[in-house]
Every structure is written in structure tokens, then in C-alpha cells.
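Each in C-alpha cells, the structures are laid out below.
You will see two complexes here that share chain A, one where it goes with chain B and one where it goes with chain C.
Here is the complex of A and B:
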């Protein structure tokens, strides 16, 4: 759900830049610390960013025939935490604007907030809570990715409704934007949840050491999942 | 299949022009379109930017026309909402049976938004089609953006092209094996594609660490920057252009800054 160049009027595009700024600063600080501790972190972060970009440039199958793009940032947030995901999101969004004409420069702040901060934060929270509560791993990943997508779309609707309340007021405008985007975004969120859960399944089966090294899943859970699949 | 704008940025008519000048023109056009209160200035920006892209940068007309269609889907949906929720002025059209009406104020706002989006997108295309990303990194470095951010962006940039290639290969082989025949299969295949891509990505990331270590990577990437002088004529033309758009924006209702 990118808001395109020129769509947000002053002062809203400046406001969203200011809102996103602290998250980016914290994220950069964390990236810096991570890279100084472990030099190999930088290339891995970079490939994760590139993965998110490529995933979002592919067209996802959708129920109603329309093509939409997955956001993919949910996976980044689960792997590295929400603030680092915000930095990756910023980089990916700049490249998307410049290479694919999705989003724009003045709307970058708003897009970073909806796709790089709100979505990943939701994904991260759901993943942490779900794993700690001992819920089914794949179901947790599905919910994290799907709800991250939905959060992104709700935040985008809020941003548009704040900028264009019309005569209906904020709530009326919000429900109008939310209703019209629900047509493409709700099916998309479900498909993206399923896709990311499948990605997780491949990681567990083929390269589980990624998950143990990042402290995402205890080894006992991974063994149990592998046995269940076999 | 995956035509990205960057291919054109590497070999267009304005490749040798100073990067800072191109960024100055592009960014100020975007700002002027967004802050213009009337549709005249953004449309002027759209027209002049398109002319520059087609005539000076020599981008193929058909490719550029297809690019302009990308933002249409979002624009149509959002502008439709704006059109209906903004009331005021004379009622132009009522939807029978529903409490929906299009009024003069709604139409004015929708036209203004369409013009701004159009102006903004054309300026964005101007930057994207004439300025290679590698040169933008050099500018960012001179603006003292944190090094770790630039390094991360550069490595991400490098990997995007490798991964797009791999994703394309996997996708084509899946299509050949009827992987996207039905909806269920499409989701399954897409998940397989993403999973395989992620694992390959991770492995190439680890390989890159080894390769960089072998070449004495010490936590800093250095690229030589080259500075191209800005010709007085080009600078004067750019300033004149910005002045004209600014003037048009002022004449048609003042500049909205807040």
C-alpha cells in the first residue's frame, strides 16, 4: 500500500517524516552496534533488504484477479526486530520509489511509517507473544505476517483520512478509504500470511541454524517441527 | 520481464550531466508540485519534465507511456474516495439510490490531486531515469549521511539485481511446470519460490562475508567519487525553469507552505 508521490499535501507529508524519524535513528543506532559487534551482520542485513525488495516487486496471486504486491517486511521484523526492520524498510522504499515508481519522495515518511514501522512492529509483537505462549509456530508466523499487512493497510487509510477528511469528518473518510482498499488488501494479507508461513517452513526444514543463531526458535521446537514434517 | 528504471539511468542522454544539478531540478520540481495550490504549476512541471525525459534523455516514448500507467490504479481508487467525501459547492452528479454525490469542490480537489500526482511522478521519473543510484550514494556521502546506512544501501542495491535474476529463473521454471495453474497451486508455488529465494539469499550473503574478508574488509566500503563540473549555462537554465514554475505557482493562488 504505497501512497504515491504528490498525493499527501503539506503539512501531512512533513508530519509523517517527523513521526518516522525517531524510529529510523534508533534503528540506525542498533544497526551500527550490531555491525561493530559482528561484522558479518552487514551483508546479511543487506541480503534481507534485497529479499524484501524482490519479494515486493513480484506479483502475488490474488483471489479477485487484481495483482498486488506482498510487503515482505514482516519477515524482516521477525528476524531482526522492528527498529532494524524500519531501516531496511526505508532503504527498500527508496529503491521501490526510484526503480519501480511505487511510492515517492515526499510521501516517503508516511510510507516508512505504515510499511516499515507499524507493520513490522505488529509482526514482531505477535511473533514474540505467540512463541512465548507456545502456540503453533506456523500459525503464529501466518498471523504475524497477515496482521502486519492489515496493520499497514489500516495505517495507510488513517494517513489518507487525516489528510483528506472531506466533509464526512475523519471517521467517515477513514471508513471510506478502508472500505475501498479492503477489496485488494484483505485477500492479499491472507495470501501473504500463507506465503511467509511456507517460507518459514522451508527455513526450518533446510537451514534451521539461521533461526537458532538469531535466537528465534529454541532447538527443541525446531526438532519437533522437523519430526512432524518427516 | 523485470524492466527496472535503473537500466535506462545507466545509458540515457543526460548521463554525463552533473548529478547534483539533476537532483536539484528533480527535487525542487517535486516540492513545487506538492505545495502548489492550483493545478497549473504541477501540470507545467509534468509537461516540462516529460519533454526533458523524452527529448534530452532520449527515453523511448512507449516505455515512458507504460511507466505513466503504473500509478494510475492507486490514483483512481484514492481520488474516487476524495471525490465523493468532499462536499460543498454546486451538486454536479448524484448517484441514484445511494447517499453519494459529486460536488464542485470535490471535483476541484480531485483535479488538483491528480495534477500534483502527475507532476510529482514525472519529476520522480526524471530522477529515476537519468541518475544512476551509484552516483546518488556519492552525493549522500558528501551530505554526511551515516556510513553504515550508505554501506547497507549499497549492498542491498547490489543484491537486488542478483536476486531478481534468480527469482526470474525460479519463476519461469515453475510456470513451465504449470505451477501457477490454479489458485491453490499459485500460493504453494509462490511460497516455494520465496522460501528458496530466501535460503539462496542467505547463502550468498554468507559467501559475500567470506569474499569481503578475503579482500581485507575492515567495516568500511570505499568507492571513488568523480565530480563533474556544472556548466554555467545548465545551471542558469535550471534556475530559470525553477523560477518559472515558482512564478506560475504564485500567480495561481500563492504557495501553500503550511
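Here is the complex of A and C:
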């Protein structure tokens, strides 16, 4: 769930636009480079974007009696890095703000930062560290995607607490917003992580050459994963 | 196990659905209304402090039906792309 239209006062909505802007610019540059140098990875980019579309349209019930939706940005972040994931997140957030009154144009900067940048950055770091440490590939993807989802809503709570510290101060406001956003998100994050790990398995089976081309997995690991699934 | 991961994910989704049904039954028993959006709850919390949102969406889906149409459309667009590309990869692998 994104911050709704008009729910960030000045100067916070401008601040988050400024923070998000450089990531989007770098992301567009990287997409452009991908189009020119690694065209065979473009279908994978489309899949990553399509995943954000599907997952962020599903409002799911959580155990505490409210609903929220997963973000789906973990896949794009693991495959292409957080800046390209930011561009994918931007596309979906504009779609939802314009057609669905979900999120908003004035809060777009803040929402791009939480869903498109902070969450994906977490996913990207976890994936890189996990693979380098030789951890199980699918377990790493699961953690990356689940924690990206969770981090998105922790950051949303921080953004709201900064803008509305109220009488309780930043920490008090943060725990109130986190109780609404982040706690709701825990079960959804687990399901999202599992689904994205499964999709990663299909990518390993069907298009392993793209994963090597993007330097995501060494060939030896891919061979081992394929043998395990045969 | 060839389909170990599929079974694990399916089991997880079943647990998720079962928890929802149990929780829903418990909430209904108390007669409260639940399952609103987390963003609406946050908006209520903010508005309770006296804050008025300074901007409104310039267009809103006129009814719940239209809103669910657009959400379904969003999911469908994504699903078509995913299905097309995975199907294409699967097909080209088989004929290679």
C-alpha cells in the first residue's frame, strides 16, 4: 500500500522526489545500455516488470485484519539491480496513481523511493552477499524478495513518521505506522519471497544463459541446480 | 525431489489461506468490520491528528466495480507478458 495522494506535506514530498530522481536517471541510462548491449536480456526485463504489475495488483488479506499488496520488485532488483528496478516501480506506480487513485502523483517520489529503490537495494545486497557466500541460490532469492517487500513498508513507515511525528515523536510515530504497514506485510512478504524463488527456478531451467550473461550465477552453480531439478 | 519447491510454495499458500479463513471467522464473531486497506488505516491515523490532505486524486474509479476492473486489468497485462515469454522460452528449448 502506498502513501495516498496529498498525504505528504511540504517539504517532504519534494524531498523524496529529489532523493529518487538520481536513481531513476541512472536506471534509465542502464536500461538504455541493456537495450544496446544485451538485447537477449530484454524478455527477462519484461518478465521482471510484468511481475511488479501482477503482484502489486493483488491486495491480499493479512493476519491482523487488514489488506495490503506485495511489491514484486525483488525479482527485477536481483536480476538487474536497484536502479532498473526503480524504473519498473515508477511505471507501475504511475499506472496506479493515474488510473486507480492508488498512491498519488504528489507522493510519487516517496513511493518510488520505498518500493522502487529501498526495497530493491535490500534485495540486491542480500542476493550478492548470499551468492558470494555460496548459500543456496533459491533460499537467497527467497530472502532477497521477502526482505525487499518488508523493507519497502518499513521505509514507508519511516517516511510517514518523519512527516507526521505528532506528539509521540519520530520513534512513537514510526512504531504506530509500522504496526499498520510493516506488520501487515510480514505474511505477504513470505509468500512473495516463495513465489519469486519459484520463478527464479524456472528462469534457471529455461534461460540459464541469460543469468550467466548478466553475471548473476556461475555456470557450475547453474549446472548443479539443473541436475537437482532433472 | 523434482517438484519439491512447487509443493512447498503451494503448501505455503494453503497455510496463508487457512490463516485468513480462521482469522476472518474470529473477527466476524466479534462483529467488527475488517479487511480494509493498510493505506486507509494509515490515512485515518494521520487525519485523526487534524491533518488535511492538500491534494486529491484528479480522477478516481467511480465505483468499486470499476476499480476492481482496473486492478484485474493490471494483473492481466502482467500475466500475459509472463506467460508469453516463458512459453516462448519453453517452446524454443523443445525445438532446439
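We take it that the second predicted complex is superposed on the first by the 199 of 230 C-alpha atoms of A that agree within 3 Å, B and C clash if a C-alpha of one lies under 4 Å from a C-alpha of the other, contacts with A are read in each partner's own complex, and residues count from 1 in each chain.
Note that a contact is a pair of C-beta atoms (placed from the backbone, for glycine too) under 8 Å apart; a residue touches a chain by one contact, two chains touch by 3 or more.
Everything quoted here is computed from the prediction, not taken from an experiment.
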item: Chain B versus chain C as contact partner of A:129, first or second or both or neither; value: neither
item: Partner chain in contact with A:168 - chain B first, chain C second, else both or neither; value: first
item: Which of chain B and chain C A:139 touches, first, second, both or neither; value: neither
item: Contacts of A:11 with chain B and chain C, given as first, second, both or neither; value: first
item: Touched partner set for A:214, first chain B, second chain C, both or neither; value: neither
item: Which superposed partner A:32 touches (first chain B, second chain C, both, neither); value: first
item: Touched partner set for A:21, first chain B, second chain C, both or neither; value: neither
item: Which superposed partner A:181 touches (first chain B, second chain C, both, neither); value: both
item: On chain A, the residue positions that both chain B and chain C contact, one per complex; value: 2-7, 9, 43-44, 46-47, 49-51, 53-55, 57-58, 60-61, 63, 92, 95, 97-102, 104-106, 160, 164, 166, 176-177, 180-181, 191, 194-195, 197-198, 201-202, 206-207
item: In the complex with chain A, residue positions of chain B that touch it; value: 2, 4-6, 27, 30-31, 33-35, 42, 67, 70-71, 74-75, 77-78, 80-82, 84-88, 106, 109, 113, 116-121, 123-125, 127-128, 133, 146, 148-149, 151-153, 155-160, 162-164, 167, 171, 180, 183, 186-188, 190-199, 201-202, 204-206, 208-209, 212, 217, 219, 256-258
item: Chain C-touching residues of chain A, taken from the complex the two chains share; value: 1-7, 9, 43-44, 46-47, 49-63, 65-68, 92, 95-102, 104-106, 138, 160, 164, 166, 176-177, 180-181, 184-185, 187, 190-191, 194-195, 197-198, 201-202, 206-207, 229-230
item: Residues of chain A touching chain B in the complex; value: 2-11, 13, 28, 31-32, 35-36, 39-40, 42-51, 53-55, 57-58, 60-61, 63, 75, 87-88, 91-92, 94-95, 97-102, 104-106, 160, 164-168, 172-173, 176-177, 180-181, 191, 194-199, 201-203, 206-207, 210
item: Chain A partner contacts - residues on chain C that touch it in the complex; value: 2, 5-6, 8-9, 12-13, 16, 19-20, 23-24, 27, 32, 34-39, 41-43, 45-46, 49, 51, 53-61, 67, 70-72, 74-75, 77-82, 85-86, 88-90, 93
